[in-house]
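There are two complexes below, and they share chain A, which is joined by chain B in the first and by chain C in the second.
After this line comes the complex of A and B, so read on.
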């Protein structure tokens, strides 16, 4: 197993390198430079700016410089804001993390309980209701849901605020977390239901019933524990996506997180900030996948480390 | 009496035989047609597609030009403007129809591209021998590690403003950008299916009878991989529509003045407290479109998976 873990860890290096290279190439293929303004900059100012950020050097030199900086953990400089990307990201990260973690807790608790209820009421109204909610939840884009939630709870009922985020302030917390967490919640619910149904059909459950075990013991000790494995595999990527992929929700609730920086960086063609945030997101997703693969190997003795 | 019983037993048996004789595809179609949600989704979809096509090519349905600002802005829905007018005085009905047509083209376009790339790469991986398989799988692993929406945005930004043939169309650019991250699932599925089919007895039997490799792949294996692949491709459509809408929502889909449903929602959001219909209508349109495709996909999966019976 140690060999498997080492091989899996080493595999992240070419993955990250490929992501860095593709990002670099795409960024330089984007038409228009970071210093294009409505009002043309004077030629000397432009040249000085380009020299300062190394944009006057040939592409391969810029590439080598970029990779060297990356290896040192330096994600580059935002050319518009003239600050290191890591500083900008760490500023937005607190808020993004708060939102992501809250949404993750909501998705896990709500999704798993919905899936459990559906599985325990298999082919009864509770099951159909659960499956219906999960289907609608997973086919409704989160910003659409956010819109409807705002119309109902903020505009009509006035219970919550239309915009903003503040930790532990329910008026500003509930809507963004629910809007962000409902899609993964629906996904978790579907997997929990399927996994529970499979486990409940196994012979050892029948054995447990035949022994006369209490129903709660069968469900908690024998079923849920074994049904957790497939759920565990999706939780890692879901966590990564929730912490990183919230730029749509951040935009719709005007929350100043990392995602919003990315969106504004794209429209202002801030090369440094775009590359920096993309790499940062890729890094989180890659490590989340790594963690899940290793965890999976530890938890499920049937996994072969081939 | 005994004779009558025997005859009815025979009839029951004959019924069973007749039922078993229905082929895989007609059987699947039969099962799909009995799935109420899937059929409802299909009917609504056909209606939406018809409306979107007519709305973009027939003036009587479109009623007004979606690009021209010629009315008083933000009117309520009326007999003249069925969905009212937007913040710049354009007819919302025409704009929603235009947005629907963009979404549909992106969704179906991505599904087609993803199907081809997935079949080719997945097929190569499964049939091309160990080295090709390893390379193709490492390649899909890499593509899988990319953060989806971010790369769609980057690719979309890199493709914009070019004047190459075909690729200069913004809708095609969206299709290419979304397909770039979407093909991985289909490729993996095709590979897995082909690898497991290659071990099955009927392939061994065909080989023993001296069938050529090409015949085994195209007549025996490919039709058997199609079921799950069709399901995956149908599920790729709502994902692509979602990606397009999400990009439109942050202003990075097709450029103005062309309407994108996501863009309409974002624009309407500014007036959510006063003219809520400006956001409710396009939002409902996206939700309906995605729901229909999801129901259809669910129905197809149940119909095409013989193990689910």
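After this line comes the complex of A and C, so read on.
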């Protein structure tokens, strides 16, 4: 297992290099640059700006310089904010991580609960209710859900705040977490239901019941654990997506997360921030997948890595 | 398993969700000290009271460096913390803020001497001297700083030469050998040659390349704000960015920055060394604190206004009608027409757009008021003038109304007489709900009313701007937002030289060029303004690259017990109502 982990970690280096190279080339290939504005800048201003940010050098020199800096852990400067990209990402990451983890917990607990309830009440009202909630959750765009939630719970009832994020302050935590987590919750609910239904139909479950085992023991010890493999498969990517921020949810609640930076960096051609956020997301997704692979082995003794 | 037990699972889940929401309801509210006045004694209703925290909506500045910035939200932010030698008053006249009276101007109009008021201090108690002001100009002219509004100091002797010194071979070399190294002796000499110097601690002398009829107005603008030389002695030194600025800068404006949370908020308290004599409105701050909340989405800000998390918000244009109905009766709504004109720009080098009748036909075939109503919720002010009323040489919105009137039959006839359009036009618009709607509206109107096909290209902002710069468009909704209230700001770099500056529609009118040449440095203000009046007339009647259709308006919501924002809202506002006079913001008793 240790060798497997080391090998996978080492693999991230060429993966990140490939992503950095492709992103760098694409970024410079798309039309429009960081200094293309409505109010066009005079030629000398543009040249001074390009010089300031090293964009006056040939592309290959910029590329080599970027990789050299990257190797030292320097992601460069944001051309729009004039601040180090690492600082901007770390500020946003703190918030996105808190929001993402909270939403992940909500999505996992709520989704699995709904899936379990649906599976244990197959073709009965509990099943219909679970499927209904899962369908609504997966079909409603989160910006619409966020708006609905804010209008009902903030504007009408005054129970929660519209703006910002603050850990352990329920007025600021609940709506962004629910709005962000509802879609993955619906997805988890459907996977859980399907997986549980399959497991509950297995012979060993029937045997356990025949032996008079308590229902809770059958569900918790024999069904849930064996139904976890497909659920774990989706939890890794879901975790990665949630903790890397959501432009829509962060904008809807005026939260300074890293997701907002990613989108605004692209639209403003902030080269440093585009590269930084892309590599950061790649890193998170790579490690989330690695974590899932390790969890497979924990949950299923048949899985072994050489 | 029994049905009863399964229902228990369901009920338990529902109870858990309910408990979660109820928990939120019980949580403490640490935001929205909206009733800033509530803690104060209660004088008569409507009377100004001291104290309180005002939480207002704005867009986060991209830079807080006044010698670098170009975005409206940046300029708005900077004027809260720094002020110039002059500040424009409500009539757009230069008021001596830190200057002691008007400048002494040499007979030829090229040397301006400004005396400073005695005893001025930075917020940290250090004296504010002529050297601090000189350093501000040197920072703006410094090529390493790459200030985006340096060109407004082009008339300051040597400023262009210094700024262009590092530009590469494609740059405008001016009178210098460009492409120099930043630390070369030549660049140091150019730095020393910039026409600004401190005669003594309270006297500054400016030497201009040409007479400066608008130079006193320029001295009120952000790129001339002083530098705390005791903290940033080198003109090439970086200005601390938002969060790094707290404790690293000193301020000469009405407020000082005490906290900056990137992407979230900035907090400020009054500058202890600010005096009423620096304010055109003779005002000092009365609030304990102002908190700026950075919110990109106006709809989010409006909801936060409704929950009292904000006392001021820019209203959401997409729900303008209901907003007006809800908030106008309570006096909380304000519409402010900005000194900004949008129009249909046409590429004059692409036939048949070089034909005036074709340009007029295109403009007259579109019902612009209907476009404003449909795509902008009626939020902007329909116009037919380029330079708006309220600015010298500006005209009212009905200027040349007959010439520009929506008239399909007349447009069809004009187009037919001009030989028609035998090709498809390239219509370039920016991605965005309103702008895409406008693009579709224009396309459909041209198709329906004139039978002209316009290929609509909806592009991201930078791509659209690049297309404009490269002149690869036929028609292009665009426009101008004023930097300072003088007609030259509406003409120079836009209509005087084809292909240069923003003149990518290639307006090439000899009379405009002659009028600009004769009047750019004309100290006879009446003659100068008269010349710009004529230029505006030519732009409009000749459709010299642009067919104006609206002045942009902003829509604001302000709580009834807040004063200073609505009262002082003018065209000078950069980003928020009354943001040029933040020292007047405060609470009144309800």
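The criterion applied here is as follows: the second predicted complex is superposed on the first by the 265 of 306 C-alpha atoms of A that agree within 3 Å, B and C clash if a C-alpha of one lies under 4 Å from a C-alpha of the other, contacts with A are read in each partner's own complex, and residues count from 1 in each chain.
The criterion applied here is as follows: contacts are C-beta pairs under 8 Å (C-beta built on N, C-alpha and C of every residue); 3 or more make two chains touch, one makes a residue touch a chain.
Bear in mind the structure is a predicted one, so any value in this text is a computation, not a measurement.
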Partner chain(s) touched by A:62 [first = chain B, second = chain C, both, neither]: neither
Contacts of A:15 with chain B and chain C, given as first, second, both or neither: first
Touched partner set for A:120, first chain B, second chain C, both or neither: second
Touched partner set for A:162, first chain B, second chain C, both or neither: both
Touched partner set for A:251, first chain B, second chain C, both or neither: both
Which superposed partner A:267 touches (first chain B, second chain C, both, neither): both
Contacts of A:151 with chain B and chain C, given as first, second, both or neither: both
More chain A residues in contact - chain B or chain C: C
Which of chain B and chain C A:86 touches, first, second, both or neither: neither
Common interface positions of chain A, toward chain B and toward chain C: 30-32, 147, 150-151, 155, 162, 251-252, 267
Chain A residues touching chain C - in the complex, by the definition given at the top: 30-34, 36-45, 47-49, 51-52, 56, 80-83, 88, 91-92, 110, 113-114, 116-117, 120-121, 124-126, 129, 147, 150-151, 153-155, 157-164, 166, 169-171, 173-175, 215, 251-254, 256, 260, 267-269
Parts of chain B lying in touch with chain A, wherever the complex brings them together: 141-142, 145-147, 149-151, 153-155, 157-158, 160-162, 238, 242, 245-246, 249-252, 262, 265-266, 269, 272-273, 276, 279-280, 283, 286-287, 290-291, 293-295, 298
Chain B-facing residues of chain A, complex: 11, 14-15, 18-19, 22-23, 26-27, 29-32, 135-136, 138-141, 143-144, 147-148, 150-151, 155, 162, 244-245, 247-248, 251-252, 262-263, 266-267, 274, 277-278, 281-282, 285-286, 289
Touching residues on chain C, where the partner in the complex is chain A: 1, 3, 5-7, 9-10, 13, 17, 20-21, 23-31, 62-63, 65, 70, 143-144, 146-148, 150-151, 160, 163-164, 166-168, 170-172, 238, 241-244, 261-264, 293-297, 299-301, 303-304, 306-307, 309-310, 459-469, 478, 480-481, 493, 501-502, 504
